[in-house]
Amino acid sequence: MDARRTDVLPDVTPTRSSGRPALALGLTLVGLAVLIAAPLFVYPVFLMKILCFALFAAAFNLLVGYVGLLSFGHAAFFGGAAYASAHALKVWGWPPEAGILFGALVGAGLGLAMGFFAIRRQGIYFSMITLALAQMVFFVCLQAPFTGGEDGIQNVPRGHLLGGFVDLSSNLNLYYVVLGITAFGLFAVWRIVRSPFGTILEAIRENEPRAVSLGYRVERYKLGAFVMSAGLAGLAGGTKALVFQLATLTDVAWQMSGEVILMTLLGGIGTFAGPVVGAALVAALEHYFATSSFPVTIITGLVFMACVLLFRRGIVGEIQHRWRR
Amino acid sequence: MTTVFGVPLQALLGQVLLGLINGSFYAMLSLGLAVIFGLLRVINFAHGAQYMLGAFVAWFLLEQLGIGYWWALLIAPLVVAALAVVIERAALSKLYGLDPLYGLLFTFGLALVIEGLFRWQFGAAGQPYATPDELVGAKNLGFMVLPIYRGFVVVASLAICLAVWLLIERTKFGAYLRAATEDRTLVQVFGVNVPRLLTLTYALGAGLAALAGVLAAPVYQVSPLMGSNLIIIVFAVVVVGGMGSIGGAILTGYALGVLEGLTKVFYPPASSIVIFVVMAVVLLVRPAGLFGREG
Amino acid sequence: MLELGTHEPVPVAVDEPAGPALLEVKGLHAWYGESHVLHGVDLRVREGETVCLLGRNGAGKTTTLRAILGIVGRRQGGVSFDGRDLTRMPLHGPARVGLGYVPEHRGIFAGLTVAENLMLPPKGAEGGMSVDEIHALFPNLKERRTSPGTKLSGGEQQMLAIARILRTGPKMILLDEPTEGLAPVIVQRIAAALRQLKARGLTVLVVEQNFRFARNIADRFYVMEGGVVVDAFGAQEVEGRLDRLHELLGV
């Protein structure tokens, strides 16, 4: 018996099957209704930012919450995809649906390349390796000719969806498209987690040696999850490029990787709704400080420290925990 | 003019020296990270911020109090180490026994706060810090001109690394540290105050980062972001070297610094990513790192 | 690790020799995480005695030693040593009042040389053995003092583990399975060393599976099962209890 046995991150066992499916369904429908009505009350671009981040955080959570791998390099997929989509939309003149899809594919491709190296180590090393590899992507974006250096790719055309049918220069139109994309992405995460594939991922997270001894090719499952997570992060990044008509170094910098960790941690690692709640809170926080000269990183840093010290389950995780008792 | 592979010797040696200087900082910082990680199982993301703090304390001492470089070499590490003691007692010590990732996340938040505070106060631009009078100037070595301060940095960092190595491998404190790295509980049952040992070790690592920061002040600009740019490279250095070995961390730091310098000569665009490429290759060939023991 | 039988072992009231105890354990409970391992252990060790804890695997012997020192998730009950309450001390407390520990699997540090391993535990009181005395007792340690600790043979590692505690000058040592995995000839040497220490007045609480070894060195015995003490007797009573011991220990 080892007195130094450590808890495995996250503290909370993710809930694959919520005990109250009716309640979960009800909450989801209420949430959806609120989101459909929201642009009547809140500025749609701000809502779209939240949606993009929510999808990004949900993609990140797929890896940390259900496989137990904390990536510190998800900005590479988000930002890399933002550049790819922006380039396809602006330079190649692709329609928006193709541009976003291209971004998601580039995200997944980057995920495949990075994951190939990163899954060779676990725990803390995995985090450091993903951080370093993402920094490499950052430097490539800084220097590559097609990314526009410090300026990034600006004035990305939003274009028309479905062959000119839906004009996306209208924020309201675009909002419902982004809502659809996010809903699709979240549904994908939900499906993956509940699939047989997700069950095996959970088994790996709980006890990797046992999964190996049962004959599972653990590396492949991890890599698969990594690529899916990266692809969904890419979907979020490509969508973000379309919404803001912009892809810059901010999207691909390590601070962005930190931000998505914060969103997930604050909302609740390994919970389905946590990343969405966390994304909304962090986006609101940034919005609030955007006009002041006070660096928002001081606040985000403090929230980080407070979450780790006092609040490791996150908001949704804490609610679920108390509810169950 | 002498050339090597079509590159003037002077330029080549100049870049090797620059690489050696960067390598000095990689070595000192990865050494501190390895010492902290070895015992505390915490990846100290705030290491870059502590390095920056060291440089800023030196700058503040000079600007506000007129206290010069040599005193700063002593005072700045002590100030930062004292701060580290508070952080370890108040927060990090509460995270032992949890997944080490929480330590990483906590120190990440800490780094954000420290850097944010300095950016708020001083802006993102750098503050110049004058080279101490005794080390101004350059020496013509015949084959190249060596700025004296840069030569000093390389020698000083070698001496610091050697001193830390001796402290860990040859002293009683080092024996406690190595033993506690293997089995913390048993060492404490033997009567060693291990919680205090952990605090001291974190302070030692942070002080080392601050010392590197003071050495860096005259070379680079003293800026709030000087640490975060460096820390990620140092993480890659640590992955390449493997966490298991103090000597390995030092050696890898210098070697990768020089490699980066050489890349700048032969193919400049790759110089900012060459260390990451090496890391990827090492992960393929030896996933535990060049000097790593843990599998 | 612990397998509780279907029947609950009942602690017995045992005849104890009178006189003040150096170590006194009363109603000690211990938990690892959720699992409740000790269910109220009582034992006393007087100064100068060598007392042996017997019992099958999983009976709670090692946990008793660890709980005395505080190396368990949670404990409840009384542990007093030399008049001091150990349950109120931090983990580094017991060693400082003279309670030494030789852990299961010896706990030799791979990253330290033999000499460093020997010098590692801080000296508690006056009167510890000098390095010369230790080298006289265990000559192999002298020859191999610059080798890494774990490069020693099992027997040498055991000697090192005992020696490094003797150097600190403890009043009492807790020894966990000193003969585990050792060749008979080495076991005899360790028994000889322990008798020598006893002659010097050292108090010992030893956990053993090897009954023949234990019989050779101990003054008194406790038998544990299911996390409680179920029997206690002196060395002179061993003959009369062999049958019951065979049943209890499965030897």
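Lettered A, B and C in written order, each chain numbered from 1.
FYI, contacts are C-beta pairs under 8 Å (C-beta built on N, C-alpha and C of every residue); 3 or more make two chains touch, one makes a residue touch a chain.
The model shown is predicted, which means the values in this text are computed figures rather than measured ones.
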Innermost chain, where centres are averages of C-alpha coordinates: B
Far-end chain from chain A, centres as C-alpha averages: C
Geometric centre distance via CA averages, chain C-chain A, whole Å: 54
Between chain A and chain B, centroid-to-centroid distance (C-alpha), Å: 32
Separation of mean Cα positions, chain C and chain B [Å, integer]: 45
Where chain B touches two or more other chains at once, by residue number: 185
Multi-partner residues of chain A (each touching 2 or more other chains): 3
Chain C residues counted as touching two or more neighbouring chains: 71
Residues of chain B defined as touching chain C within the complex: 172, 175-176, 178-179, 181-183, 185-195
Parts of chain B lying in touch with chain A, wherever the complex brings them together: 37, 43, 91, 94-95, 97-102, 104-106, 108-117, 119-120, 184-185, 228, 232-233, 235-236, 238-239, 269, 272-273, 276-277, 279-280, 283-284, 287
Of all residues in chain A, those that touch chain B in their complex: 3-4, 6-9, 11, 70, 72, 117, 120-121, 123-125, 127-129, 131-133, 135-136, 139-140, 142-143, 254, 258, 261, 265, 293-298, 300-305, 307-309, 312
Interface residues, chain C side, partner chain B - complex: 69, 71, 90-92, 94-96, 101, 103, 107, 109-112, 116, 119-122, 124, 168
